[in-house]
């Protein structure tokens, strides 16, 4: 069986769900960010694959935007961790539950 | 002349109302002014009544109080005044006795700080009572009926600071209301069935025939009103307690007029009971007879002078109701005996009460007959007038009571011999307890220090006594009955014999009834003389042993009703209150709000503040959404 | 050949991805970051297989070059010892695993229906000039807007991370 | 400014004035409020006296299109149904202002809220547009809440304020849903009641829709009127409310639901009404009998009169449930009479509370000696409450009982029981315990209403009760034509039912028939209906021209 | 060139933002506050200028990326006015902003640009970029008071959860692209019946979920209370109004224009989300004691109401939504403005701490109380008419789909329940305190500047205007909806 769209999409789906798992399971905010990156990358993969099999470049343009946004997001997120660490010496979500109910 | 003068009826009705309103608004704190207003009003009403009576005015005049035409039928409530023999005679009684009592009150109430309130109540009462008398339809009758009830409430509770008076006024009003409930239902039923409330029209339409059960039901319901107002068994309990009011009030309201209103009403709407096939008259007759006997028995063992008179009133009212029932039992009869007795009774019973009031005043509000005695010498006018009234009450010829009572006995003889026996027994008891009272209070030795200082009352009180003595003694010769028959059977009453004929008529017409009544009365006097002429203590309890106790305790009606109310109404109220508090207010309302709040408190436990939980719930929510929308 | 490469890259992507989020041996963020680099690199391999050469380059430059450096830089600031002392949370792992598996199960539609989408044979279109043309014509507005995102991100990153004036 | 707008806006403008005047001018607030409510009262009196009798035409009509796309108009007008209510509302508002001299702190807010309530409720009664009708009514909700909280009494005023607010909102929202559904179902694309009525006459709402919308309105409005079993808010709220609020609320605002039923539910949903009034009649017994019994058990005078006020609402419901001209007319009279009476009793309760510091009846006794005026008025009020002739309640209750008898004979019997006996029991018990009996030592210096100014509110309300009680035609002559119109659509289908009920009551025997035959057109012979119909049509045409003049 | 005129409003805002950033360089520290006024005035001018924009018919720009029609214009004006109020609010708390006040204003303007772009987006790339512009700026804004742990905590939570939501969104976009081969709304509407239908549906569902995050509605609602509590108050206001409205605008666009057939088929989803959201928001709010958190829950509940309007898929329903948003603007504007002034920190926003407010400042008390009344949906205020329209629209749909009756009754129930906590706030403001802690001994009056008063009055008048004379705004809303060709 030749490798086709379905194969790429399978990889994409699994990667997306791995990202979800990371967001839910990990407590270190940095790793949560990485998991989020995984999810976005899974999307990228799907888009590129669709783009190729749809004869349509627009998917690739979208990927371009996603990568850019992801970079900005990471920048802000990491700055936030820095600020948080200065304040509280932690990067753990369980330390971030002062507001609840 | 006639057409114009029916409007004069308004002049009977309105002066007392004006006086009541005027006193309430302007003169509540001015005793002299209020008394003048009130007395002036009742005298004016009396004057106009006299004119109406002597002129023989008949007819009606009306003012539309409410009128609604719904395209199907008209609901008209008129304040209609009807002048005929029945109402004219009654007007005379009410305004006449009323005037006397108003004047008497001037003396009796002297020095009380609320004289204004007293006269306002009295005037209001006069207005309402005159309204009942003049009413030509059921709604107006009911309106005035209620107003009479409330003025009685206000007057019984006049000395509201005395707990007994306050309780008595409340009891009187509520008991009356119980009767009014039936009365109102009867009125509504009549309207629903016949589409009118006007007496004349109703008489026609009922005469035209109805379903068989309707007259019985309506009759009984209407009779409920009379049971309440005229204090018949089983609603008789309020009247003795009503004696907590000032004595003139007892005389006017609870002896002469208001309590008679029930009987008057029965006579006025006699056509309801006279409808063929109605079962109501039998019930009425038995209730009346029963009340007469019951009250007379209780009176035998009472010691309070006003209570004795009150039970005597009950007993006499029983007679009247009995008469109405007897009249209704056969077709074509008329309730003249009841009205006749009502008229004479009004005079002599008012006189008795006023006499009692005079005694009470003289003894500084001592009412126990066993603390009196020997008053005949100290208060001669009071004694002689009291004696005259007593003889009238006992039915000794030629006093007026004999004739009217005889008319009832004769009717009973015609219709129902058992009831005749009952009535005769009551006649015996009546003279027995009345002469017990006379002997103990007036003739026998003084039983305490109180009578020593007693002096004859002032003229303003004795004069009314004297005035009232006249009709009490001679009313039997006036041909009141033929005047009344003229109302029910136009033309029949004209053939009245002269006054001498009147005097002997009873013995011609129904000798059995007349003689049995007379003998019973005389026997009663003799018994009373034998038992009480020289006693300082009541020997009867000793003689009757245990049997006297229930008499003294009024056959335990008050206790029984107290229990009954506690068992039924209070239980219901307690139940309703509990349901309101615990079920509706608690379980339902608080439960609903509480459970909603609980949901909120539980639900927000989800907001743990933990990022991971949120992320988990996010994804879980997404999974659920996808499953729901797109399936597995 | 391409198919073999696909399987290699795909396996690498997924394994490394798994090791980023759930490394059974080390819970150090550094390890995760390194595996993230591997994931991204192998992804760009897949991009190449899909003829998206420009994106493959961007992927490596932006992610591996910039973002990852940033990650490592921040991680170095943190106290890694403290990280080691943290307990493992089975609950999060189990719960996350469950919903992630459920999600993956639900997403099985996606590869299954791929056949409906890919109607013809794959086509080479990933040429950089074409992409550029598209970007600067039809996609001009979002392209400009994305620059605002970057400006905002930059301003924000500076504001948040600079030392507080005492 | 047109007269109705004037009546409504006097209080609202007064409120704005008060809002703008700084707090330090404390003397002014009461004066402004008295002036504003006084002007409203004068306007309402003028309209009441100038009202043209014997017609169902809408008078003093004002129409300004408001929201075009939804068909909402600012439409005011009076006919027999609301002219009396308007007068009663204005009178009670004036009296409530008079008794508010007891308020010493935060007068600015108090009078502002009072005027808001007043303007709102007068507006609700004058509105002929569903939207404004609802809108104005809801203006009172927030003031009630704040007033109970700030100037209220009793330890549980927090609970009371929340209960009353939530309950009333629930009722109002249910009613709102009903109103919106009605709007949608008629398909007339207008919230204007007059236009809607005209439209419905030609295109009736489908019966299935009527059967759903009517109960919505019945329950929604019923909650606002404390229909059993949705009544528990009333005693709680009125027990805790400051005097003026309780007067306005129990007296005036509560009548809104009843008015809504009469103005909207019955005329627009005749079949729904036919089907559901049986339930309404049964529920009204809950008010009359059950709440009466509850009132008997109360130890606090405030709770007693609050429960009795709930109980009295049963008569109004019964009148509406009769769907007969007499009953409906009676219901309107009861509404007005009870408004005056409730205001009077709550006013007196407030006076006693202010003077004695408590309303526990056990702590009173013999007060009539010290309070000849207040006590006397209180006795009269209690007697009026148990349906004594001479007060306005009597004609209303009588009309209701007569009007409802043929349709609901058993219920009327029980209602008469409740009105005549249960009502009397608790009323007289209160008089006995509070006013009669011996005066406790510490009550020896309780002062009576000192001057004419203090006596004025009570005297006014009592006088109104007496005037309407003695001359009920002042009300009924105004009401009848409009009441006829309100139930005209019901009557068409009602005749057969009445006949059936009549047969059931009196059997089919010939003599009865004969006697009944004498009652003129009691059975709505064809002439009767035809006459009613032609009357209705002429009424419509008059209104049409009236509208044309506006447009 | 014509494309540039089409985005004139956005350009103006963007230029203002950059200008503020630049001016910051030359402004001495003590005058930085003035830059806030500059931004506010500029936004005000742009808002006024927006009324000069006349669109005879919908107009496309940038290769079909951008659509200028009445609907987008309505939203743009809404965002501008919101931003104006938010900027004025920011000036009030300028001294509590540690890390650069001009940047704070500029970032709001960036977010504003994103919202305005979102209102016009007609292409998924545009949707994504606009949303990310909003999201990234809000990451920064929520954590702006970085000395407060709460603010940082809110920032992290918002960032992670928002990123998860946008991952769903963007994956959905990818699937839509894969299934239909296009990202353009107009072409998608033509093609939505070809290709893989299930994949398209899954993609749209993921987009839907991503957008529910913006509306803080079920299932993505958990973040709202925490973030509302921690973030600076003006930011919260912008989040509650602007960000939410952007989500609404996109939901309307995607499900009415891009995929109308599928959208219509999903009215059950909308209704279900609506019911669940209303219930969740209202129930959780009952025991809430912190006003900012309370407003978070309230915002969830109101998101549910908005969904009720959306679920009708009818012109009256949508215009009701638009009207409701306008009403919500004045209402929340007043509430958050008051909060800015009386509660410098989240802890001060405890409801019992409001006791005695009416003595400290009658105007503040009145404004807050009125906004609570409006939120509770009681006449004569704006919130009432909004709810009225929504319920009417729902009932209107009842005959064709009876479940709407159930939804309307849920709305009814929640409206009643919500009164209990909104009135709890009024109670705190006006009632005398009951417990020792609540009694204010010697209340310190709050002095308000003229501008502050003006803004408060503006909000109050707006609430009253929309509640009493709704005609003008309703026409505007209906006009905007007409652009959708329903």
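Labels A, B, C, D and E are assigned to the chains in the order they are written; within every chain, residues are numbered from 1.
We take it that a contact is a pair of C-beta atoms (placed from the backbone, for glycine too) under 8 Å apart; a residue touches a chain by one contact, two chains touch by 3 or more.
These numbers come from a predicted model, not from an experiment.
Peer 1: Which chains are shared contacts of subunit D and subunit E?
Peer 2: B
Peer 1: Give me the set of chains touching subunit A intersected with the set touching subunit B.
Peer 2: C, E
Peer 1: Out of every possible chain pairing, which has the most C-beta contacts?
Peer 2: Per-pair contact counts point to A-C as the maximum.
Peer 1: Centre to centre, using CA atoms, which chain is the farthest one from subunit C?
Peer 2: B
Peer 1: Relative to subunit A, which chain's C-alpha centre is the most remote?
Peer 2: That would be chain B.
Peer 1: Centre of all protein Cα atoms: which chain's centre is nearest to it?
Peer 2: D
Peer 1: Mind checking the centre-to-centre distance between subunit C and subunit E? Centres are C-alpha means, answer in whole Å.
Peer 2: Roughly 31 Å separates the two chain centres.
Peer 1: What's the distance between the Cα centroids of subunit B and subunit E, rounded to whole Å?
Peer 2: Going by mean C-alpha positions, subunit B sits 77 Å from subunit E.
Peer 1: When the centre of a chain is set as the mean of its C-alpha atoms, what distance in Å lies between subunit B and subunit C?
Peer 2: Each chain's C-alpha centroid was found; their separation is 102 Å.
Peer 1: Can you compute the centre-to-centre distance for subunit B and subunit D, using the mean CA position of each chain? Integer Å is fine.
Peer 2: 36
Peer 1: Residues of subunit B that touch two or more other chains: which are they?
Peer 2: 593, 604, 607, 609, 611-612, 615-616, 619-620, 622, 626, 630
Peer 1: Counting only residues that touch at least two other chains, what does the list for subunit E look like?
Peer 2: Within subunit E, the residues that touch at least two other chains are 125, 128-129, 132, 136, 139-140, 143, 146-147, 156-157, 160, 164, 175, 178, 181, 198, 202, 225-226, 420.
Peer 1: Hunt down the residues of subunit D that sit against at least two other chains at once, touch-wise.
Peer 2: 166
Peer 1: Once the touch criterion is applied, which pairs of chains come out as touching?
Peer 2: A-B, A-C, A-E, B-C, B-D, B-E, C-E, D-E
Peer 1: Once bound in the complex, which stretches of subunit B touch subunit C?
Peer 2: 612, 616, 619-620, 622-623, 626-627, 630, 632
Peer 1: Quick one: in the complex, what on subunit B touches subunit D?
Peer 2: 28, 64-75, 77, 139, 142-144, 146-147, 150, 153, 157, 160-161, 163, 165-167, 169-170, 173-174, 177-178, 180-181, 184-185, 188-189, 191-196, 205-206, 208-212, 214, 569, 572-577, 579-580, 584-585, 588-589, 593
Peer 1: Which subunit D residues qualify as touching subunit B in the complex?
Peer 2: Checking each residue of subunit D against subunit B gives 163, 166-167, 229, 231-232, 236, 290-291, 293-294, 296-297, 324-326, 329, 366, 368-369, 372, 383, 386-390, 394-395, 398-399, 401-403, 405-406, 409, 412-413, 416-417, 420-421, 424-425, 428-429, 431-432, 435-439, 472-473, 476, 480, 484, 491, 495, 498, 502, 505-507, 509, 511-512, 514-516, 518-524, 528-529, 531-532.
Peer 1: Can you check the complex and tell me which residues of subunit A touch subunit B?
Peer 2: The touching residues are 20, 23-25, 27, 32, 93-94, 96-101.
Peer 1: Write out the stretch or stretches of subunit C touching subunit A in their complex.
Peer 2: The touching residues are 2-3, 6-7, 10, 13-14, 17-18, 20-22, 27, 29, 32-33, 36, 39-40, 43, 46-47, 50-52, 54-55, 58-59, 62-63, 66-67, 70-71, 73-75, 77-79, 82-83, 86, 89, 92-93, 95-97, 99-101, 103-104, 107-108, 110-112, 114-115, 117-118, 120, 122-123, 125-126, 130-131, 134-135, 139, 142-143, 146, 149-150, 152-154, 156-161, 163-164.
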